[in-house]
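To start, I am sharing the structure in question, which I have written as structure tokens.
First chain written, first letter: the chains are A, B, C and D, and each begins at residue 1.
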Amino acid sequence: MNAMNDARAPRTALCHYTTDAVYYGDADLVRDLLGQASFIDVFMKQTFGRVPSAGERRIVDAVLVTLMEHGMTPSAIATRMIYASSPENLQAGVAAGLLAVASRFVGTMEPAAQLLGRIAASEDAAAQAARVAQDYRARREAVPGFGHHLHKPDDPRAIALLALAREVGTYGPYCEALGHLAAAVDVAAGRHITINATGAIAALLGDIGIPTALMRGFAVLSRAAGLISHIAEEQRDPSGRFIWSLVDEAMTDIPSVG
Amino acid sequence: MNAMNDARAPRTALCHYTTDAVYYGDADLVRDLLGQASFIDVFMKQTFGRVPSAGERRIVDAVLVTLMEHGMTPSAIATRMIYASSPENLQAGVAAGLLAVASRFVGTMEPAAQLLGRIAASEDAAAQAARVAQDYRARREAVPGFGHHLHKPDDPRAIALLALAREVGTYGPYCEALGHLAAAVDVAAGRHITINATGAIAALLGDIGIPTALMRGFAVLSRAAGLISHIAEEQRDPSGRFIWSLVDEAMTDIPSVG
Amino acid sequence: MNAMNDARAPRTALCHYTTDAVYYGDADLVRDLLGQASFIDVFMKQTFGRVPSAGERRIVDAVLVTLMEHGMTPSAIATRMIYASSPENLQAGVAAGLLAVASRFVGTMEPAAQLLGRIAASEDAAAQAARVAQDYRARREAVPGFGHHLHKPDDPRAIALLALAREVGTYGPYCEALGHLAAAVDVAAGRHITINATGAIAALLGDIGIPTALMRGFAVLSRAAGLISHIAEEQRDPSGRFIWSLVDEAMTDIPSVG
Amino acid sequence: MNAMNDARAPRTALCHYTTDAVYYGDADLVRDLLGQASFIDVFMKQTFGRVPSAGERRIVDAVLVTLMEHGMTPSAIATRMIYASSPENLQAGVAAGLLAVASRFVGTMEPAAQLLGRIAASEDAAAQAARVAQDYRARREAVPGFGHHLHKPDDPRAIALLALAREVGTYGPYCEALGHLAAAVDVAAGRHITINATGAIAALLGDIGIPTALMRGFAVLSRAAGLISHIAEEQRDPSGRFIWSLVDEAMTDIPSVG
């Protein structure tokens, strides 16, 4: 294969240059975007192909704000450890912390969205939701998007996010599927189970047309912002050596006879 | 040392929790932020301690939009290579690409900002600018923030960014220092040298109070957004195997006798 | 919970210090290891709790040598792109490339090892192997550890690795299970399917007692070495700008009217 | 430029393939290396172009063993935080921890090697060493390769490494330069300053011909091995949630009125 001659070679339409202009897609960066378009609108256009409506933008902002910050989590600790070791490389601290945006924390957003999509697409959404809830119950697994170790009986973020979707008019099949599933989960469990923020975000993003495979991108973008805040705080009040000592003292096993 | 009892232990004020609320600083996430505050305003508040004015926000948006996308750069190629190898881990693709936000590309933003700060702080800014330009000329080094391999005689992004700063009223000592330095660089070189986008961004961010050590954070946040766009395009039209073949065929040295 | 007082707190036994000695486990680094123990033996002791026998060490060396280098793969391209962007940070180039050691390339080692373990543990290994092969065939999926796009009918590395296991005497239940599975895969497919290097490595490592969940560690260690070789070559003959231009020219879509 | 036709295109000589063989350089992987060559010898050949002598190999092993493990350092903590968040991605945990192999820890190896190289190349090594020591003293900076917060008056690892170089016969101009510099540092300080392990390693590697720009590669390879040990321990006795709680409780600032 000669890759250069392959008419089917993949192309990028994200950006091209001339000597006196830069284009993002077919928009002239200087003439059409700088000073006029917001960062989030350009991000949405480049990633999803269209600028969000005013209501959708409020959903996007709310989702990004919710995912930004969770305190001294493993992600933030990793960022601070690497930044303290490599303060000339702010980007390395952020990159390390982003690697925590994986299965254990936001990873449930994708299976939650898939479940909601299946429920939304079925003829009898309530019946499909009941089957899903019973299946998970039978396997003794948590339903993705449900449960929280701290926020009980309800996660205030999930309630606020769903209320916002109603307010701005994007509440649609995914949010409705979440309602059906929440009712079915409570029945299957015999008690009330929290809809967590991740579950609500999956529903809101599904209803504004975000593909499941890109939902994690919102978590990554938002955590990048949050981790930069941690580095800013680290610059003012360094914690690197403190955390190192704290963990080392708590965990290093000194044999009684060295 | 018992770290737990150390009154001087570093603290984080970025986030704390109760069972029914989440706080970002002293703001209640649900009551004060969700549906009301934009992602960028919350990021700025968490990182720099205050919400930007409307004019400052246009500067921040313009800077982030400018840094977002530069086509098939090493950063984007690294992201696509890792995403193609690990499509279950969008975050790993972004993390890999962010590691390119280093000395060679945006790294000149920090020395440019330091130069501008020194010129702005001197009693005779024009004379200080002349000394800086002559020093670099004598060492045959490019002045940080100046020169571009493609955009000549002027980088349209730099011109637009500086015009925006005048328009919104943030044009201040850093931008003025850049003007002095540009004049001095042309005199020292005996010809016109481009102010590049990085130089203009350093000036604009300096004038809205961003510390030099955090300027790279804007590049990291913006590139995170841009790299997510590349992954979105990669999902629609995969390039991983194409790039692999292209590079392998061009570079692998097959000895004539194996 | 006060973590400091928790008797059940996890401990590390990997390393502790006094003012005049460093201990790796209960070995004195200076007295017991330096100048006496090889890197690989210390790695194996620290990771798996025992020094390998001479035969096992040949297996470990052979596995690490096999996994080290595969030319201009996505992993190597990512490393070179990041190193070219951040030459002050060799570690960032290696870290980026290691993120490619994931599902698409070595990721099949783990499911292959799980299959082999199940077959080895069954009363009738041949019958169990036949069931596995038929199941994958029915789902039209490749059996982990089988198939190669280039090395047909046989992967010379797999043959050599299995021969080595016989030679050094570690050929055991995992290698035998691989033999059963290979026979069953050929029957199910109605033609000969290659045992690939990853499949053979899974068998060899299983037979020397490496837990499945740590097998990827060998790929990570070995690729770290290989990626350092790529950086060494990059220092002598830089390819960063070449690859950038090559990919950019091949993929950037320039509209006919700018 | 058409990159494909460029005769000056960079080439890789590290690896090439045919359908029935894999070559590392001009060595046939199966025929020449598997079962015969050790991992370290192949790494050295691929990276530096030649197999080490038996004495050099003891130096390489000793250096790699020394750099492998330092307990619950920022590097190990970052690895454990990411692995706990992303246990399906061992490689991400290692990649995160490797990003700590930067300026603060092993970063002094490179300036130490440069100093030793300059001293070794000067006509009067003792006089050059004295000038270097006085310069650093005058600037009140630590000389790279000297000083340790714990190991005083001497770092037992440095002493053992230098003794090993004498024993195996690689003690040469770099080690001699370190001797001159150590004497000069003590004179300039008016007291004995420790030669640390990093300083000794720089000298040993310099004397076996390792270029300064690749010395960090040894730290990266060795830390990759050490971080895999931490993940192995984490699999047996998980610390992720413990460290998270420990740090969160110690650092989260709960305002008296929520």
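Points worth noting:
Here is the rule we go by: a contact is a pair of C-beta atoms (placed from the backbone, for glycine too) under 8 Å apart; a residue touches a chain by one contact, two chains touch by 3 or more.
Source: prediction; values computed, not measured.
In summary, the chains found to touch both chain C and chain D are A, B. Of all the chains, the one whose CA centre sits at the greatest distance from that of chain A is D. Annotation: A-B is the more contact-rich of the chain pairs A-B and B-C, by number of C-beta pairs in contact. If each chain is reduced to the centroid of its CA atoms, chain A and chain C end up 30 Å from each other.
Distance between chain A and chain B, defined via averaged C-alpha coordinates, is recorded as 22 Å.
Put simply, the C-alpha centre of chain B and that of chain C have 36 angstrom between them.
Looking at chain D, residues 3-4, 9-13, 15-16, 21, 71-72, 86, 88-89, 92, 95-96, 99-102, 239, 242, 246, 250-252 sit in touch with two or more other chains. Those residues of chain A that touch chain D in the shared complex are 4, 71-75, 77-78, 81-82, 84-89, 92-93, 95-96, 99-105, 239-240, 242-244, 246-248, 250-252. Of all residues in chain A, only 3-4, 9-13, 15-16, 18, 21, 23, 26, 86, 88-89, 92, 95, 250-255, 258 touch chain C in the complex they form.
Looking at the complex, you find that chain A touches chain B at residues 1-4, 6, 9-17, 19-22, 24, 29-30, 33-35, 37-40, 42-43, 46-48, 58, 60-62, 64-66, 68-72, 76, 89-92, 94-96, 98-102, 150-152, 156-157, 159-161, 164, 167, 211, 213-214, 216-217, 219-222, 224-226, 228-233, 235, 237-239, 242, 245-246, 249.
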